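Consider the two complexes below, in which chain A is the common component and chain B and chain C are the respective partners.
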Partner chain A sequence: MDEKVKEEASKDNYRQEPKVGVYVCHCGGNISDIIDVKAVAAALAKYPGVTVAREYAFMCSSNGQDLITEDIKTLGVNRTVVAACSPSLHELTFRGVLQRAGVNPYLHEHVNIREQASWVHKLDKAGATAKAIKLAQAGVEKVLRKDALNAIRVAAEQRVAVIGGGAAGMKAALAAAGKGLEAVILEKTPRLGGKLPELGKMYPSGEEGAAVAKKLEDLVLAEKKITVHTGAEIDFVSGFVGNFKINFKKPDGSSAQVKAGAIVMATGYEHYKPYKGEFGYGEDGTVLTLPAFTALMKKLPAGRLEYGGREIKSLTLIHCVGSRQVEGVHKPQADGKINDYCSRVCCTAALHAANQLKEKYPGVRVYDVYRDIRAYGMKHEEYYDKASKDGVLFMRHNELDQPVVVSDRTGHTVKVKDVLTWGEELEFKTDLLVLVTGMTPADISLIKSQLKLPSGADRFLQEVHPKLRPVELANSGIFVAGAAQYPMDSTEVMASAGTAAAKAAILLAEPDIPLEPFVAVVDEHKCTGCGLCPPECSYDGALMMGEHNGKKVAVVNPALCKGCGACVAVCPTRAINVAGWTLEQFDAMVDAIAKE
Partner chain B sequence: MKTLEKIEVDALVVGSGIAGLQSALDLADQGYTVAIVEKNPSIGGKMISLSKVFPTLDCASCITTPRMASVSHHPRIQALTYSTVDGIKREGKTFTASVTRKPRYIDEKECISCKRCEEVCPVYLPDEYEQGMGAKKTISIPFTNAIPQYPVMHPEHCIRCGACARACPKDCLEFLQEPAPVEIKAKAVILATGYETTPMTAKKQYGMGALPNVISPMAAERLLAPHGPYGRVLRPSDGMVPGSIAYVQCAGSRDKSIGIPYCSRVCCMYAIKQAILLSGSLPIADITIYYMDIRAFGKGYEQFYNNARAMGINFVKAKVARITEDDKHNPIVRIEKQEGTSAPEEVKHELVVLSQGLVPACDGTKFNLGVGNNDFGFVQLSDETSSSAVTAGTGVFAAGTVKGPRDIPDSVVDAGAAAMEAAAYIRRL
Partner chain C sequence: MTQKKILIITTNHSSYPGADAVGQARMAYGANTYIIRVPDPVMFPEDFYLRAYEKGIAGIIIMSSGSDCPYEGAYERLSKRVARVYEQMRAKGIASNRLKLTTICTVCRAAFLKEISEMEKAVTAV
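Moving on to the complex of A and B:
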């Protein structure tokens, strides 16, 4: 095994007499307002195998954790069931409690009586309580059949691969290198900088986007620990935490590979592209997107605003094009979904553009058609203020009353049902229309499908939890930085990329990484070598046919196995089990739940 | 004064709100040693006192308590609570902070958090944790999930009856305890001193805090919290269940008349969140939000706003000119609508929440470490397009709302980046 996998999982049963402690959490009312937690604890206290059952306001708090530690010390509790929230929130918290108290952390069972009982049976308190008791009893049956497990340790490449060389990618690489890690940036275009150079003058610093790109690029190129591959076309990404392999083509056509312990997805965004006919877009040249207009403004001489051979005397900004879309009002995107999210940066960007325009061409009339002005940042409000003072005329419409644009050779006629003038239907002529377009995620379908990365309904990469694990993807060892996660401005990108690098550095702080031991285990005596299971396995190399004592059997690579259980389901002889989730445990849980 | 306690660590984190906790954890998990100094008796900051948090509606405790527990159990983190940073000096590559541990008037080494002292104490005080709506004893543990679980005695209110000392099974009351000096040497400093809300008295048109049923959003959080002062939502003047509740947005932000022209970023979302929670606990109540612009700009926020509208929460684009009250203390809100009709209207509600903005809690420049402030007293970044945490003071970094209003997800992300900048700085030394 070239992955240098150290399999330490002991197959020994936990030999001590099982003493189960059951802890029922109130979740500060989330559970106890519906479920009679005292009744649950009382019922469990009498259940066979249970040494002690308690209830407490917040089991996850320090006091709650101390209750468990105390029972381990004084009552000899050696297995725990915590009936509380979802295991995705706090299973790790309680495993930590067991570990600190000297008990194998996998002898814990987390029973979800919040999402699965109190939240879904709000109108049936007695039923919810009965269900919580059953679920907790099933948890006891399961934990009684658990084995002590050890994390699988995998040696990790001390290197971070950063996919994308824009602001987020450069910052993530710089931050990782700052911590002493090697970083490799893979950028598909021929240069670093991403969208920065197109941005024009940035708010609120006033720096040119190109200058910011140059500043970051100079830092990256001066850093010895960073390797940059521009023009890199990624072919294939594989592997797992600690041992990712990214195969890519260089501009000269040759193939190369980067091995990395962690991956930072800094793949950025695309500007929303209006469809043909959206507010007249694409029909003649006088409907521009905001990015196109920004690029144009940089090039045009001061004095008289001319475009397409005509003098532009008035200009109209229409906000929320491609953002905050509403079902039934807006045309769905290619995937059938609407962009119902706010793109966060466009309001201030539009105000900033309007101000620059007014500075350069004070005579041009500017109309701003919006729904809400979301100038949320520290100095953003000043842009709004300045625009109002400089005579930008604001009109506000409701989402159901979209502005209507009729274009002809003389320009555009815009109709707005303006709530600021109490629903007046306003109609005015304008020479140039600028659509304030939002952000959409960049197309990373290849990497997403190869690494099975999760995205939300908004198609951006989806973090595990916005507060607990805000830059981690569900795939262990893969982090997200910048606008690949959600629209954000440049300072927010710096924060996001810095944190992504911090999480990578924490992951790689030790030379080897612990992996969950919940992997398939084959009982070689029961396995008949029938070969049904390998075709079911979705993870390359995780399960193959091999030999054991001269007998053909299924063989698992624990570093690659994700414990999905597909092999367990097809095995005709029940020879495969997922450690920590065995068929015997499930049988006992079902029996406990079905018992009268 | 006691003998000087000396601590030497890689990084000093000032403040233990969610940003301070996260910065400390992200440094310690990389192998650095960290000391946190917190002025309050418990770590956890403002977040621990919130009810539920947007946009996921997780209970705030469920997110904060495990962070607090991780910090308190972390082998490389020391948290000094109920302690103040009196000064920080830079000497070469080392910062030396002089810190004072305020007396709790108990022996922390002996205390077993049994609460007997609290049970027998006969003197009640308004509980600031409950925003003054509940009561606490003169000697008490600050709140249920406080860390550490030590009681604090307030000598200015103590009547010297000695009941606590007699009840204590460990004999750990120390009425003569004095402030204890601590010296912390660190290579880097992270300022995570957070925010305060704009005071109730900021705007005279909104009643100056004198109208009993015009409350702060922090008070509303406590009313909605699982362990709140009344255990349910009642209005302060008479304990009535309010049938009509209004939120006044931008009551302390986007308002030049009170010197706070900026947007506080979080108020739209917390108002929407509280409105959603209120309609859960008071299903028949009418809830109105008077707003200028709804700024639901974060991930999942627009959808959250849309859910609130679908639930029947009434969003009215209007500026609130004045709040008065009738003889039953019902707040009368004078509004000028910016949609529908133009004439000013007076609307009677039974409870009003002022969506206050965020102002700095601590002046980052006071330690004279070269850190600069922006026009509004928040810490200024030295170069915001290349780092979200580096200040003009070498070795001094800033995390969370000390740099300006931001919500919890943004603060958590921000804190990780501050930890990373500090780690890189320490490595370069």
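Moving on to the complex of A and C:
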């Protein structure tokens, strides 16, 4: 549909008698398990101005959207209220439905009865239902007073800033450059590669991590669209979608700034560091973490495993160190929280390491002490099978019966209450202990606080929705790539980084980004030319007094107006409003909510 | 029994996503709360609040973006306006604890619940 058609459709809708269609979503059971959606639809069907009210399992599905399209065609519905999930997820979906059906997309009101009703009032089903009715009625009152609007477009920097130069950052930059975008990698350490070079042979390809890092780095450095800043210490990040500014210090102490239309957070992870004494860690040189052991194995010759000047005849892997921690059992982290999440990748990493060990040192006895084996990736179960066949001895404990390690000069004694032998208490000696440590989020507190980036209870960055808006953060124009989001292996990191870059490329596909047309508008008939509003405006040139048809009136420059509404509050005649957010609408909403 | 309704004014950029975050974490609060979202509460004149009380709203929490407000000078203007609303509330005999100006960020879940809990106590006397 071209601009001209959209404009005509807007005007027609504006002139038509308002006919509101109300659609109440079950969201599977997310809403309907708590809220009586039939009662909500029934109440709204009788509400003044409403032509039709329906409830449906998934309004966002194509069948749900078709219901609205059909009502627009057959019943003449020209304004919609959808009571469903947060508008951050689906407001644009339903605006699109209206637009495709020839109705101005801004004649839609999205009412949140999931995040702000069913999910927070689980113990009060009647209250939640009554609230949903009131919110939907307020939505009707608002949409009845809405005007047709057309989107404003703002110029955007055609550049993506990638924070982090590890596997995710390099892949994201390469993918963005492949889409024609400029990409700037800001890496805090002196080199690219992140943790890849530390890894030994990586599953499933068997390539060395350092070799993969080198390949990626070569591609990045050869790509003219990519600029790399290593040793970049970010000190201030600001701006908004299309116009972010990232200030950083270079290694020589000078300051620099990158302007970008989108940001990809590829800030990676840290290995969990066991505390001193955790299974003997830090007290004895023969207690290592899995990353440290992997690095060691790379250096040592095959045949006879020696470490610390003595032969290692037996080795024990202990899983879930720093992951799936249990309140009251494990020592909390510095912030007082435990790491109760599963780090996912460490089981396969441990099995892969055990197999490599058995190949290189067939004579070494390997014990694997685990709580659960989560070999979740494609063909990862084969690593478990191979380890079993090669004689790795598995022992399984439950969450409350953690293995106990007692160390002395002769080695370590490991005690396990083994679930596989119906709770038998097993005790065995081992020369080397390898703690299969989990992943923790990297410290990006400065950027998080400056941009207000959301994180989950696990402290990793949190995407808006795993299915509907993967890798998108709630902050428009900011995407997450790789293990900054949650523990993932390198194959998943690559997929995630490619997705983030693709989303940034879609956002910046055109030189300007469509923004909501929510700027101040003046009703010249009501404006008395009193001049109270311009002093309230903080943006030079956005609001001035002018003359129109021989009358002194307030004049808005929509390209400069930010739509804050500071001018609205001081107008004695309510002649100025923010388009789409008028005082008349809010008064009517309050009336609907307050009414008994 | 008449429900003591609390109107919560949130911002598109900050406190509305903050309210969503509370839901995503499946935290609970009372169903007498009604959240509306605006670009910025600075748009509301003093009489908007007084009219809401007249209509039967028991308490109003303005959850602004505070110092994170993307609009230049808006928070300062809002603070001054709310001070004037308090004066007008006093003149009309409306308890000042029925209005609260606070700052809620996109991830301020605990603060969001605390503000509701405090307003619940304030409106019991209404």
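The definition used in the following text is that the second predicted complex is superposed on the first by the 408 of 596 C-alpha atoms of A that agree within 3 Å, B and C clash if a C-alpha of one lies under 4 Å from a C-alpha of the other, contacts with A are read in each partner's own complex, and residues count from 1 in each chain.
Definition applied: a residue touches a chain if its C-beta (ideal position, glycine included) is under 8 Å from a C-beta of that chain, and two chains touch if they have at least 3 such contacts.
No experiment lies behind these values; they were computed from the predicted model shown.
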Partner with the higher number of touched chain A residues, chain C or chain B: B
First (chain B), second (chain C), both or neither touched by A:Tyr361: neither
First, second, both or neither for A:Tyr106, with chain B first and chain C second: neither
Touching partner for A:Glu536 - first (chain B), second (chain C), both, neither: second
Touching partner for A:Ser205 - first (chain B), second (chain C), both, neither: first
Which superposed partner A:Lys134 touches (first chain B, second chain C, both, neither): second
Which of chain B and chain C A:Ile506 touches, first, second, both or neither: first
First, second, both or neither for A:Gly28, with chain B first and chain C second: first
Which superposed partner A:Tyr56 touches (first chain B, second chain C, both, neither): neither
Contacts on chain A seen with chain B and repeated with chain C across the two complexes: none
Contact footprint of chain A on chain C as seen in their complex: 2-3, 5, 7, 14, 17, 19-40, 42-46, 48, 51-52, 55-57, 68, 70-74, 77, 81, 105-107
Residues on chain A engaged by chain B in the complex (per definition of touch): 26-30, 57-58, 60-63, 65, 85, 89-90, 93, 96, 100, 171, 175, 178-180, 202, 204-205, 207, 212, 215-216, 219, 324, 340-342, 344, 372-382, 385, 396, 419-420, 422-423, 456, 458, 460, 465-468, 470-471, 485-486, 490-492, 494-499, 501-503, 505-506, 509
Chain A - residues contacting chain C, complex: 86-88, 112, 114-117, 119-124, 127-128, 130-131, 134-135, 138, 240, 452, 454-455, 457, 474-475, 518, 536, 538-539, 562-566, 568-571, 578, 581, 583, 586-587, 589-591, 593-596
Touch list for chain B against partner chain A, complex: 18, 26, 29-31, 53, 55-56, 58-59, 61-63, 65-66, 68-70, 72-73, 144-145, 147, 149, 225-227, 254, 261-263, 265, 293-303, 306, 317, 338-342, 374, 376, 378, 381, 384-389, 404-405, 408-410, 412-421, 423-424, 427-428
